Amino acid sequence: MTRSKTPKSNNQKSLISRRAALKGLGAVAGGSAALGLAPGFVRYIQVSAAEPLKIGFQAHRTGIGAAYGRWYERTTNAAVKLINDAGGIAGRPIQLITEDDGTDPKRGSEVVEKFASQHKVDITFGTLFSHVVMGSAPRAGELKMPYYVVSEGHHVASGALNRYTFQPGITDVKAQVSSMAPWIAGNLGKKITMIFPDYAFGYDHRDYFSAAIEKQGGQVLKLLPIPATETSYTKYFPQIPSDTEVLYHVMVGPGVLTFVKEMGEFYGSNRPQIFGFIDSLEAVDIASPGLEFLDGTYFWEAYPRYAQANQSEADKFYRAAVGVDNNGASLEDSKDVATYSHMFGCWETLYIIKEAVEASGYQSATAADKKKLVEATEAMKGWKEGNEHPQGDKTFVGQIHQCFGHQFISKVAGGKLEVVHKTEIADGTYEPETDYTKMAL
Amino acid sequence: MSFLETKALSRRFGGLTAVDTVDFRLEAGEIRAVIGPNGAGKTTLVSMICGRLAPSDGTILFDGTEITHLPPWERVARGIVYTFQITSVFRNLSCFENVALAAQRALTLGKAPWHTVDSSALASSVTDALARVHLHERSDTPAANLPYGHQRLLEVAMSLALKPKLLVLDEPTQGLSEAEITDFCSLVREIAADATILLIEHNMDVVMELAERITVMSNGAILAEGTPAEITANAAVQQAYLGA
Amino acid sequence: MSLGPHLLLALMEGTVAAFVLALTALGLTLVFGVMRIVNVAHGEFFMLGAVFAWAFAHLVGNPALGFLVAVIASPIVVGGAALVIDRAILRRFNYQPEATIVATIGLLYIIQQLVLIFYGPDARSVEAPINFRVQLPWFGYSGYKLVVAGIAALLLLATWYGIAKTKLGLVMRATQFDSETAQAFGIPVDRVYAAVFALGAMLAAIAGVLIVPIKQAYYLMGLDPLLLSFIVVIIGGLGSLRGAIIAAFVIGISDGVISVFFSPNLSKILATLLVALVLIFRPEGLFGGKAR
Amino acid sequence: MDRHRSLAFHGGALALLFLLQFVLPPYHHTNFTSIMVLATYGIGYNILIGYTGLLSLGHAMFFAAGLYAAGLTVHYFNIDPISAFILGAAAALAFATAVGLVALRTTGVSFMIVTMMFAQACFLLILYFNQVTRGDEGLVLSGAARQIGGLSLTNPTFRYNLALALFTGALVLCYILIRSRVGRVLVAIRENEERVKMLGYHTFRYKLLALALSGLLSGAAGASYALMFGYVGATFASIEYSIFALLWVLLGGAGTVLGPIIGALLMFYLVEWTSEVTQSYRIVVGAALVLLTLFFPKGILGTLREKRLRWLP
């Protein structure tokens, strides 16, 4: 995923709570600095019966990915704690080593290098932004380092990466957008105008949604790419053809609130159907002033942010463990909204790593063991909904290293999101475009 | 036809006319002094002759060809060499390197920048130029370490290394001691043996000593021109400049 | 939408953008004109203006009153910061042009990171002091944007008056013309430099305040106005106030129109090409005097 | 005498870099590889700012020209890495010459502004032609395409020595240039361009030559980066990467041959160490720039040269 997400809009958070949050971040930073020292001690002491399994977590602590990175860390820490409390992986505790990549591809590949050569981790995981994945994956492949990303980009499944890079915890964008098309065509309309960010993440939407909606007999009337740095949108709206039935938006960047506000000013009450990707409003409170215009519009969600009437036990468990309330905000600060449709991927990926390590009989960071781990991961077929996979059932296609799951469509009502449709996994699956298992290990 | 000739040459800065339709002639082999009060347009005039400033109007002819729009480096190639009023030697380079910059140019005229220079030809050319100003023994001294008077001489040596046909000296004796000025005058006479000299000068003793003819400028125009004796006798000059 | 109204909307957007750009670029070119330095952190003053506007509006609470406080207080704070920078850094190496560029790049990084630490990575909005929608026959338009254009026009006039008609302006122009002579005539050149640097920063900050109800305050928002201002001052001629304002309108409006009909990235690329053309035919800019 | 000392100094530095590969732990081994490539970019930048006195803030466009020319041809046309490298360097050379023809019409701060704007336009062009470049996400070059005579560019030893060879080439080129008569003219232009003009030099041509060489080295570094590390992305064309080159050169010492690599090394490890205790590495970069201008305007080697090693080129 590639987008300037950091800048979520929130005009109510006070400076005080910001400082409190910063303190928290500082503590996390301090803690992980201490962790960074830990490997040395562990080596010398050599007392623990079970040598820990080292997992390198490539985190976006700074740079444009920071707002997402924060929640990725919280989710990851929660899952690691649970796994360790339950006896770890194959009897070994996870030792999580977190390094900031600055949301920069060059630094990303250096971090992978550092994990492999300096920290000597067993596995690297957790990268979100596409360009960092693209910058880091080649090095991971060269180092033969199993690399589990949580990015939702189509880069893994497209065959652009390598045998050591997996995305087992989150459905890719191609599958997400393809699975939306039938419902949109059936319920909202067939003449679509797309507003999307003018960079890689947006192109996946542009290419795969256009194809999918045409299959449903629909038609994309107009494509409106918006540059990454844009902060004013009024000038784009006149380009929306007047016979547009559905406005499809996946807006990100510092100006999401502005985008909605200006759309409201432009249309008044006389608007087409509007369908958006929640990426537009991840980490943003739907009840923020200025977002009233979105009432009655629809959103894709990977995982419903607001606890629904039929909330599963697994979701209750997951929310409690990560520290998220029923509105998708932090238990400590109701204004601190989670990136709920993405961060579950970290949780589920960690459990998949656990399963793969245990199934492969992985012992130590040797080339032979890492090969076994890769093959064991490729051999997996999918997972059932449960505490380890709270988002829902998934299938996994070993050839393309990519999983596929259910998607949700929610309607904005009274400042909340209500699920109106849940897709089938088959709605989004596609023919494999590559076969990593044929590549040399 | 004159060696150097300007026709109706003018230069305006915004509303100010620094040089106003000047017709100026200089014959080969002459030592000519240009004098005049501050702001008379002397430096502006020679700057246009050397190509540091573009004229607003008028033409400049040198050695029979028009050079009005030629860039400075092409004028240097034709033999017009300017010696700066404010000492502009390269302070961090040695005397040798300073002069070598000029000599190297003279040896590579018309050739591409990467053209190699025969180092013995370069060395002899540099040593010659330094010897003419009696600085050959300080060849390795960084220019910054020279006393001021010697820096002026180094400046002249750089110009000599360019093999000038017309050497423009802009207030060369400013800041020199009496003894240095005497030496300087004899140096200029030596140079004049094979180059025409155009001299801007405030020191009237130097002017009277060196100049064969004198041009007096005032308010951007030529007020008078003639031998030192004629100029000394000229009433208008006395009134405007010598302040009578 | 048909071509006419479409073009009208593009022109309106472009004009509003041009007014804000003119204010920002005016600050940049003023500093260059008088002090002969380029402030690469100029965009960060714009950003600081917006961020402080958020802080003041937030402290006050009431949107209209909060905005009023922000319009006055935010530029003062930013101007103060500029004074500190002038005293603590720029004056120490005597405004040497290259050193100034390097030091202000450093400041750009420092200011951005400080804002990230104390303000955070979020884009935060400030409510507009007046909130009405102008309904045209073809589309609706934000009333506040028209107000922004009005205020910016007044500020441009005030700046022009200050420079052309007041004693302070005279002193500034004298310093710009020849700082050594000005010094000799007893003008405190040092203090004039400090004042001009602060004034330049304040102009950028006010532009930031005005824009924040439209665009929100965000710690990386300074780069775009900086680059656009650069384009403007090069086309207008470095140091030329009149050139900067005219060029701001050329660039602002053409950017508005081109990005409506084509791609915004394309419009910025075209603006850069325009600069290349201007340089080929008039290296000193359209309104610049010959370099002295 | 000085000449010998200086040759020994630089030869010693290269020998040290060669020997380091046998003792460096793997993580730092790779870091040194990339630092040598980036220092080549720094040397290119230094020819312009350090020796010719032209301050550019757009050098990332030349680095990116090499990066993309090499990367795209490998990705789309599967050409071999050696041809791709030559192509990348040549593309940067041609591009730098074209940019120079326009940008060198300005001087001083205008030159800085114009180069910065051109670089930003290049950055936007990369995004604009996203169908080819994949915009910000960029492209990954497959390991299979990155083979020279059966040796893989992913092999750390091979890669380290290639980077060393590239760096050595750049260093030797820079050394020869500044010792040459042309180099003397460039330095003279830095000191006083007006005087050089009046010595009869067509200074524009010399500046253009400096910019072209500078672009060539930057592009060679960019092409090498793409081929050695297998990733091509728009980040490398961003203003940040122009500023990095400036920072390395100023820190190491503008107008010193070894300055760029000293600056790049120090900056890399400074950021590396500070990022373990703070997330605000940008403050470190910013403070480094401000402190340099205030207290060490000549950088590390420049200050050393002033104090003791006067013979340092």
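Think of it as A, B, C and D in the order they're written, each chain with its own count starting at 1.
In this text, a residue touches a chain if its C-beta (ideal position, glycine included) is under 8 Å from a C-beta of that chain, and two chains touch if they have at least 3 such contacts.
All values derive from a computational prediction rather than experimental measurement.
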item	value
Length of the shortest touching-chain route, chain C through to chain D	1
Identifier of the chain whose CA centre is least distant from the whole-structure CA centre	D
Label of the chain whose CA centroid is most distant from the centroid of chain D	B
Chain centre separation in whole Å, for chain B relative to chain A (CA means)	74
Whole-Å gap separating chain B and chain C, where each centre is the average of the chain's CA atoms	47
Centroid spacing, where centroids are CA-atom means, of chain A and chain C in whole angstrom	38
Of all residues in chain C, the ones touching two or more other chains	116-117, 223, 263, 265
Touching two or more other chains - residue numbers and ranges from chain B	none
Residues of chain A engaged with two or more neighbouring chains	62, 198, 227
Contact graph of the chains (line, ring, star, complete, other)	other
Contact pairs between chains, per stated definition	A-C, A-D, B-D, C-D
Residues of chain C touching chain D in the complex	32, 36-38, 40, 89, 92-93, 97-99, 101-103, 105-114, 116-117, 223, 227, 230-231, 233-234, 238, 263, 265-266, 268-269, 272-273, 275-276, 279-280, 283, 291
Chain A residues touching chain D - in the complex, by the definition given at the top	2, 25, 29, 33, 36, 61-62, 100, 102, 104-106, 109-110, 113-114, 116-118, 130-131, 134-135, 137-139, 141-142, 153, 155, 160-162, 198-201, 203, 227-228
Chain D partner contacts - residues on chain B that touch it in the complex	50, 52, 71-73, 76-77, 81-82, 84, 88, 90-93, 97, 100-102, 104-106, 108-109, 113-114, 116-117, 158, 162
Contact footprint of chain C on chain D as seen in their complex	55, 57, 102-103, 105-110, 112-114, 116-118, 120-121, 124-125, 127-128, 239, 243, 246, 250, 280, 282-283, 285-290, 292-294, 297
Chain C residues touching chain A - in the complex, by the definition given at the top	1, 5-6, 9-10, 13, 17, 54-55, 58, 116-127, 133, 135, 139-142, 214-216, 218, 220-221, 223-224, 256, 259-260, 263-265
